[in-house]
Amino acid sequence: MSRRRRAFFRNRTAIAGLVLVGLVVLAALLAPAAPYDPETRTDSFRSPPDAAHWLGTDENGFDVFSRLVHGARSALLVALAAVGIALSVGVPAGLVAGWYGGWVDGAISRAVDVMLAFPSVLLAIAIAAALGGGSAGTVILAVGIVNAPPFVRQVRAAVLQVRPLDYVAAARALGAGDARILFRTVLPNCLAPILVLATLSTGIAILDAAGLSFLGLGPPETFPDWGVMLTKARVYIQHDEQWMLLPPGLAISLTVLGFNLLGDGLSDAFDPRRLSRS
Amino acid sequence: MRIRGFRARAGLLLLPVPLLLLCLGCEGRKKAAEAKPPLDVTKLLPQAPDDPQPKDGGIFIWGRSGDATLLDPADVTDGESVMVVTNLFDTLVAFRRGSTEIEPSLATDWSTSPDKLVWTFRLREGVTFHDKSPLDAAAVVFSFERQRDPTHSARRATSVFSYYQNNFKSLEKVEAVDEHTVRFTLKEPYAPFLAALALFNCSIVSPRAFQSEGKDADGRYAYNFAQRPVGSGPFVFESWEKDSRITLRANKDYWGGAPRIDKLIFKPIVDAQTRLKELEAGSIHGMDNPELRDLEIIQRNPDLRLLGSPGINVCYLAMHTGKKPFDDVRVRQAVAFAIDKRRIIAAAYNNIGKPAVSMCPETMVGFDRTLIDRTRDVGRAKRLLAEAGYADGFKTSLSYPASQRTYLPDPPTTAIQIQQDLKEVGIEVELRKRDWSALIKETQNGEHEMCLMGWMADIFDPDNFLYVLLDRENAVEGTANNLSFYKGDRVHELLKEAQASYDIHRRERLYKEAQEILFEEAPTVPLVTVPDFRVVRKDVRGYTIYPAGGEFFRHVSFAR
Amino acid sequence: MTYALRRILVTFPLLLAVSLIVFALADALPGDAADWRFAKQPEAKAAWRKARGLDDPFVVRWGRYVKGFATRLDLDRSYQDDEPVGPELFRKLQATFELTLCAMTLGVLVGLAVGILSAVFPRSPLDYLGQVLALGGISVPIFWLGMVLIVVAVKVFDFPFSSNRYDLALEARVKDFATHLYLLESLARLRLDVFASCARNLLLPAIALSTIPMAVVTRMTRAAMLEEMGKDYATTARAKGLRARQVILRHVLRNALIPIVTITGLQFGQLMGGAVLTETVFSWPGLGRYIVAKGVAARDTPVIAGGILLVATTFIVVNLLVDLLYVVIDPRVREQR
């Protein structure tokens, strides 16, 4: 493990990702210290950046900087909750499919095939719309569901790899039940690929959620959300306020970039071939 | 790692790219922004100049925010369908060009009985439909009968004819007296009757077109009129490519004089900014519903002409008076005192539009000019709330449309400003964004607490605002237009009396009293009346805004 | 060949399951377009629902839907005007197909070139460019990129921007077209004025959309090339004195191409759906925007169901074709599976 950790920290990709993600997490944690409440208007509106409002104010009179900082919090919460849903659906399904095989595996794998037959954006739109749309909850659920299939596949593949190994047989010989073996023995040995996938999926979930917001299926407009901010900025692309595109757009891009770099870094660190070479 | 390691540095390279691009973009903008004359809406003309010697020919393309849904004039309800239909059909009486006054159209003159219950119209002779069949009294009777008679063959299983249902409740029968004379008999006096006859749903349709393909199994005409309409208007229907374009061609035999242009195309371009881009590029020649925040850009553009006319509409906040705490008039007044209309207009209407005092817009006859609006008074609002027993405020919700309407160009901003206004007096508002049809369903069933809505004139008559939006007869759950479900008796008496009177001065007095009561009772808070805007290219001649709604392109031509 | 046959047969139950999900989701939509159409007219709405058979049990309606699609390519009628939604959806599908095809071609060509070059010249400026593309394409929200592109194109280059597929003035020139693939058909018919107009209107959205496949293909190509170049046969070949370029083109690239073809196929389907955001930003009249603007916003259930079903069907068919192509490229697959 320590070799891996060393490999990880020697990897500049991973470090850059960690720094970017760290910054977003920091912003999310420090959000309450933002100069203004993101959901209470100030006296000025549509004003350019100045000393009082570092990134100006929007047409509602909300302070853009404060909304940006709070946006980090909601972006992380939405993305992590969505990935949480993807995990809690995908991991058990993958474990069961890989472990029991047979018709259970067949059924789960076919279901995954069907899910993957949809372009994920359209499926997310349909789910969000069917759930009524218009709230952070529906976004989380829609994004979570469409991101579940890769977890099923990943976990199933990992289980198939460890199932024939000695220590699993040993656990079984000791009389452990299926659930115990799955969660105490098999799962811990699949953690590495799950962690990598979860990191990359977080980035994807942020993009998906922003896309749903952009199409009008996101949370209500008071919610300090980058996707909502970007949608609002869109009407100004012909106007003097076109700079308003920058803060939320860069925030989303850098956060997703951070998660992608971090995911790559983790995957490099966990890659056994990588390890032997370095 | 040797190779992958510098992915981080490459990643950071990403940053400057969009920044650079955007800076480039901003550079280009600055020049245009320097000279910025303030926009005075009242100086705008409603009409592009007429050309004394207009050029013949050309294709005129009109950009608008959506496609039509159907083209049966009796069955359309949405503005996008209406503006097509008004060019295909004629009505007995019509609005004078650019005005709300009624003038003869298919009917050359008319007379009424002393009790105003029998109306006799003399039809213009020699008018034919686009299919060459004659437009006679029988066709007029056919056009009204099919809307009245639920078993009529020229009616689809899905026809609703809601305009007829709403406006002609008092119509008893329509008869052909001779080939060129029609008689309408009313059950009770109905003051807006003549104005209602100018409405698109009273378009005269070709019976022969309906009959041309026989009947289907359940006895209805098989001809799909809503997709292939046949009328007598200045333009003839040619083709409809869904969501892409509707093409009409000039009716060279039009009784009122053939249009100058050869073809008229309606092109839906949902996004207002894209619509403007196309207009700037010249791929369309005129458009409706420009973004209010784009008006300055439009006025600076030498290729474009911005037209405006005072709108006949009202955007309002309705409180469900059947539900706590809005059953208490003091709470409603507190809300009215809390709302800052000027800030709403500044934030969501780009400072264009006038604060509304009454549900009857000031651009409509019958508006009570003596009303003086409340000015925002947070202290007074709080006192009123305390008197009503809500010293600590309360929680409620506000339903608003997800998509923009003419009177509500920026629904979320308007809703948020109301939410913030009320927050400052202690009322916590949960915002509920609803798709249009979902909002209609929710509000007509009375499932909302507060809602943000608006109304545009169908018929040019105060009855169309006050009776429709505030009378208790329209506060029936399931079909309500009175979204505050206000059921005041006195207001009901006044409105019914005004409906039955043909004396304009008497009606004005009645409406004045009703508006004063409604102002005090505050079941709704009228927010704003927005002017109508259109944009045409500079070489377009003869285009006119019709304040009562619809678009009429028969006078349009291009400059020589 | 049995693999190919089995692969084709599997497609049918898959399509059936897809149609079930689509239909169920569209059915679960709260409210529908008819609520607005029959506003204030509950009896009329009830009569209409009855006439349309909307009160039948779910399974009956689904069965009818599948039967209609399978036998007549019918996708039910709109809730707004009772007209069949199929013709319009097919037309829009072709628009989206053309956009996706252009984006894909652009993405794959640039991605392949940059991927190969950055594998051959690691740590060169080209390699940096490759990394920027590979990371940017998956990290930057496409609708944001689209907006930035619009700002730049319009303000800086004064690029004529339009939401048509071709200039309306050219309408007479496309009247006799057999398909709605205007770009391809105008090229086939050598109507260069139409082609130029289509290409101009397609350029910005295609560039924006191409960043996604560009990223994936760049990354895949680079990785696959490095992998192959590290293998013994490549080293041996080079040691034997074959010129580096020959080795790369003849052997390494060929082997590297296999995973790239797969990913291209998968990407194509994802892009057809992902195009909804691009189409919305550029007001491009494609299927995705139509589903959202006409279907979701107006709650016209058949438009949503039909639209998504068409995209998913195209996706499945493209994947099928890619898998079959795989058999041709890599004979090992035939025995393996």
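Letters A, B and C mark the chains in the order given here, with residues in each chain numbered from 1 onward.
As a working rule, a contact is a pair of C-beta atoms (placed from the backbone, for glycine too) under 8 Å apart; a residue touches a chain by one contact, two chains touch by 3 or more.
Just so we're clear, the structure is a prediction, and the values are computed from it rather than from any experiment.
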item	value
Chain whose mean Cα position lies farthest from chain B	A
Chain pair with more C-beta contacts, B-C versus A-B	B-C
Mean-CA-position distance for chain C and chain A (Å)	24
Inter-centroid spacing, chain B versus chain A (mean Cα positions, whole Å)	44
Between chain C and chain B, distance of the C-alpha-averaged centres to the nearest whole Å	38
Chain C residues counted as touching two or more neighbouring chains	30, 135, 139-140, 144, 148, 151, 154, 296-297
Multi-chain contact residues (two or more partners), chain A	216, 237-238, 242, 245, 249, 253-254, 257, 261
Multi-partner residues of chain B (each touching 2 or more other chains)	6-7, 9, 11, 14, 18, 22, 25-26, 29, 402
Touching residues on chain A, where the partner in the complex is chain B	7, 10-13, 15-17, 40-41, 45-46, 59-61, 134, 216, 220-222, 235-240, 242-243, 245-246, 249-250, 253-254, 257, 261, 264, 268, 274, 277-278
Touching residues on chain A, where the partner in the complex is chain C	110, 113-114, 117-123, 125-127, 129-130, 132-133, 203, 207, 210-211, 214-217, 230, 233-234, 237-238, 242, 245, 248-249, 252-254, 256-257, 260-261
Residue numbers on chain B that touch chain A, as the complex places them	1, 4-9, 11-12, 14-15, 18-19, 22, 25-26, 29, 33, 273, 276, 291, 293-294, 297, 346-348, 402, 410, 412-413, 415-417, 419-420, 423, 431-434
Residue ranges of chain B in contact with chain C within the complex	3, 6-7, 9-11, 13-14, 17-18, 21-22, 24-29, 59, 61, 69-70, 77, 156-158, 160, 162, 165, 226-227, 242-245, 265, 267, 269-271, 274, 277-278, 281, 283-284, 402-403, 435-438, 440-441, 444, 478-481
Sites on chain C touched by chain A in the complex	13-14, 17-18, 21-22, 25-26, 28-30, 135, 138-144, 147-148, 150-151, 154, 269-274, 276-277, 280-281, 288, 291-292, 296-297, 304, 308, 311-312, 315-316, 319
